[in-house]
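In the two complexes below, chain A is the common chain; its partner is chain B in one and chain C in the other.
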Partner chain A sequence: MLAALVAATCASLALGAVDIPVSGVIDTLLGKQVPEVTRNIIEILRLPRTVEAILVGAALGVAGACLQGALNNPLASPDVIGVTGGAGFGAMLVILLYPSSIALLPVSALFFGLFAATMVFIIGFTGRGGGNITRVILAGIAVASLFSAGTAAIMAAYPDRVPNGIYFLVGGLTTSGWDTLETVWPYLAVGFVLAAFMIRPLDRLMLGDDVAASLGSRPRLIRLTAALAAAVLASAAASIAGLLAFLGLVIPHLIRLLGGTKSHVFVIPVSALAGAALLTAGDTLARTIAAPVEMPVGPFLVLLGVPLFLWLLRKAA
Partner chain B sequence: MHLDAARPKPRLARLSGVVTLLAAVLLAFALQAPSADAAKKKRVIAISPFAAQTMVQLGYRPYRVGMTLGATKHQKRLLKGIPAMTLSHPNGPNLELVAKMRPKIVFSSNRWSRGNKAMRQLGIRVVVADPLTPASVKKKVTQIGRILGRKKQARKLNKKITRQLNSATRGISGIRPRTLVVLGIGTTAMAFLENSWGGRLIRMAGGKLVTGNASAGGGFARISDEVVLQEDPERIVVVPHGTNDDLSRVAKWVTDNEVYKSTSAGQSGNIGISGDNTLLQAGTDLGATIRYIRTNFLKNW
Partner chain C sequence: MAFGRGSVEFDEAAPLLEARDVRVTIGGEDILASASLTLGRGELLAVVGPNGAGKSTFARAFCGLRRPDGGEVLWKGVPLARLRGRQLARVRAYVPQRAQVPTGVTVEAAVRIGRSTHLKPLQGLTAEDRAVVEESIARARMQGFEDRDLSTLSGGEMQRVQIAIALAQGAPVLVADEPTAQLDLGATAAISKMLRELVAAGMGVVLIVHDLALAAAIADRVVVMSHGRSIATGTPNEVLTSQLIGDVWGVEAELVHREGRSALHVEWLDDH
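Up next is the complex of A and B:
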């Protein structure tokens, strides 16, 4: 998987709408003298975009793995805890209602993604019977529906501005230099660190709540912390690349099927690598296949990931 | 006797001549008047901004016009006092309200094709008379004039459009500034292509459109920023979707954009923002629009 990520990264840096020789790419990265256009294309466009693809892909892969482990549900993804619905609402709020404040888009998507997840956690984890998986999932579906309805209402009210938001909804990386990453990286860092700390506890949780408790773990706290890590990562990812929740659902399954193990020691780090590799490769394909026209990456991920996933499912069966 | 009897005849003949002339004049007026009156009585709704402007300039007041979102000052002045209808996807106007108004004709655009079909089912004559290119503006003016019985006025308006266009395109030199026109300010910017309304106007105004040779039926495509850097536009025009009340913030977003900042346009401060729908929607004021583009964006006036 590491080799796939390295290959996808090299392709992402070397390929684009403008033909730049590999030597030109390497010279730019090494800080050597190159034409200004070449330097601008590599430094302003391809490098930040490749880094974003790696981080977003890894974040979604890890978020999906954490959620599926925490909720002990193979259908869990950032959609389930309301993050996707919340982030989508936050983004469309800025794009459609306050287009002149477009710079706030990542912040708004991040805020509403986390806000939606917080609502789900409060409903799902507090009070009598808090932490019950079914309750968390149902709360997530309800909150997601609430935000989706809000998004649809704004879109219906401002139809002339909807085209501006389409690319966010279908998911896609855009060129914003390092600006968005400068805002979002602390959240990604917190999410990755939390997820790393959850690897062993999630493995204990796989043995069942009673066994985990007998080993000194606190199942409800593990679930909440792992879901929180997933919410932070998925919200941060959505604020950069729009709604690409498909990655969070499919990648952990793919890794379990490929690796033949459900251990989070394997699933979480390899999901990060696989998510990063798939998104980087998909983005390269999306911006080169019809160049100079750029396609949104969301549909390409589905085209790349679904056949592989179905093949593995059939093979495993 | 014969002579006496014949004497009044010349008077009668003269009188009958006068009467005949009077009758002919009255008949001529009578033939003219009913069509004009009937036309005045016709309720005509102009959903498309182009048809609305054309109607007013032909001296025919629309019963209702589509909402004037993003209209220029000139267009707003033309349509002042005419009640506007709210338009929304997918039909355009509210079909029940249209049915209640019982218009004879609705001038619409292909954008509202679903609504057009429904209005036709209601027995309303729907005419799509929006020009897709500046070259077809005069043809559409003639069509609207013919439908409204204002052929003469349409000819006059077409002459005026030609005159203004000739005046506005005078003095365009061989050096054409490379111009990127982008639509929208969301997470992605769509470039105006050669076959878009705005793209054609830019070319008529003396600009050379930056498109990376992309093509798309709709006239817009999300082109790679790499192509933007490579083609290095000398002018950038941003057209935000819909209206934008805070152009200074939009301007900040645009000028902060790393890619635009690196181009010749960004470095020479030649990034402009179009605060209305001039580059998006067809209008009869072609000459004024081209002059506006040359003065504010291309700076070749």
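Up next is the complex of A and C:
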């Protein structure tokens, strides 16, 4: 998986409107003497985008693995805790109502993604019987519908501006330099660190709440923390690359099917690598296959990923 | 989630477990009114009683899985409330009545999870931890099953894995809630022998069990519970009299011991 990620990264940096040999890429990254044009293409255009692809892919893979473990439900993805609906609303709010402040898009998507998740957590985890998985999932679906309705409402009010938002809704990376990452990286960092600390507690949770509790963990707190990590990662990912939540659903399943184990010690780190590799490779393909037209990577990955996923699903059963 | 900060001083001279007048209230009603027990080293204590007497609630309360609403619980002399999750996990292991059986987890992976109480959050297993995992699997007689998926095991094998997970914690006390309730005769006998071996090795075992004949055969002492109270404690012969069985279970029955075997002679139908 690591090799796949390295290969995808090299391809992502080398291929594009101008193909640069891998040796040229390496020379640039090592700070050796290379033509000015090459340096500019790699450092200003491709490197930020590749780094974004790696981080977003890893974030979505980890978010999906954390959520599926926390909610003990194979259908869990960032959708079910409201993140996707919230982030979509936040983005469309800026794109449709305040197009002049388009720079605020990532912040708004991040904020509303986390806001929606917070609503779900408050409803799902507090009060009597809080932390019940069904309650969390139902709360998530309800909150997601709320924000989807909000998105639909503003889209209906400004139909002429809707095309500007499509790229975000279907999910895709853009060549926008380091600006978004500079805002969002602390959230990604917090999410990854939280997720790393949840690996072992999630493994305990697999053996049941009673066993986890007798081993000294608090099942409700594990669920909340792991879901929080997922919310932060998925919101940050959405603020960079739009709604790619499908990746979060599918990658952990791919990893479990391929690896033959559900142990989070394996699933979480490998989902990070696989998510990063898949999104980086997918983005490279999406922007080179019909060059100079760039396809949004979201639908592109779905087109490639779904047949593979369905095939594995059949094979595993 | 507790990371084991704040040290506690266990009193090695104190009983492994002392529970006094433990009370649990749910919705204003006493599910457990007043239950007590004391467990020493190298002792197998059976908690017996009819369904709904509060046996499992009592076990969950003194194991720290449900906060007691009254009474006192001391683990090696330290009050339960002062023990963090990790510290508690080092002094007692708990095998729940109905364990969740996940797919995609091997026996060895499950037992390793039991050992995780000894590790810092991001730390891997040391050679010593691996040795303990291997030994726990052996003590639970599950060698050769290490790579089997949990979902492929029989009821008896799964129960032994649960015990192996508990043993990997390296705690001096094992609390098992009805480990043999779903098992056939052979599997029940195997678990019983295993529990006696653990006791012979110095562990304290609390067994929640409703099978009186089994309790009488393998327990050093029994605690009888009825309507949320512990009403009698002592050796099986002292306590499990026909009088008490009649009072608590409402059944005419007599416990018969002969040459290390035990049987409950029950008058199933009051027709003579």
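Assorted remarks:
Methods note: the second predicted complex is superposed on the first by the 310 of 317 C-alpha atoms of A that agree within 3 Å, B and C clash if a C-alpha of one lies under 4 Å from a C-alpha of the other, contacts with A are read in each partner's own complex, and residues count from 1 in each chain.
The criterion applied here is as follows: contacts are C-beta pairs under 8 Å (C-beta built on N, C-alpha and C of every residue); 3 or more make two chains touch, one makes a residue touch a chain.
None of the values given here were measured: they were computed from a predicted structure.
Superimposing the complexes on chain A yields a three-chain arrangement in which chain B and chain C fit side by side.
Within the superposed three-chain model, A:Val211 lies in touch with chain C and out of touch with chain B [touch as defined at top].
Applying the stated contact rule after C-alpha superposition, one finds that A:Pro201 touches chain C and leaves chain B untouched. With chain A as the common frame, chain A serves as the apex of an angle whose CA-centre rays point to chain B and chain C; its value is 150 degrees, to a multiple of 10. In the superposition on chain A, contact of A:Leu75 is made with neither chain B nor chain C. When the shared chain is aligned, chain B comes close enough to touch A:Gly165, but chain C does not. In the superposition on chain A, A:Ala149 makes contact with neither chain B nor chain C. In the superposition on chain A, the chain among chain B and chain C reaching more residues of chain A is B. In the superposition on chain A, A:Ala103 makes contact with chain B only, while chain C stays out of contact range. When the two structures are aligned on their common chain, the gap between the nearest CA atoms of chain B and chain C comes to 38 Å. Those residues of chain A that touch chain B in the shared complex are 16-18, 37, 40-41, 44-46, 91, 95, 99-103, 105, 156, 158-161, 163-165, 167-168, 172, 174-177, 179, 242, 287, 291-295. Residues 1-2, 63, 65, 84-89, 92-94, 96, 99-100, 102-106, 109-110, 113-114, 116-117, 119, 121-122, 162, 165-166, 169 of chain C touch chain A in their complex. Those residues of chain A whose C-beta lies close enough to touch chain C in the complex are 196-197, 199-201, 203-204, 206-211, 213-218, 221-222, 225, 256, 260-263. Interface residues of chain B, counted against chain A in their complex, comprise 69, 88-89, 183-188, 190, 211-214, 216, 221-227, 229-230, 232, 240-242, 244-247, 249-250, 252-253, 256, 258-259, 262.
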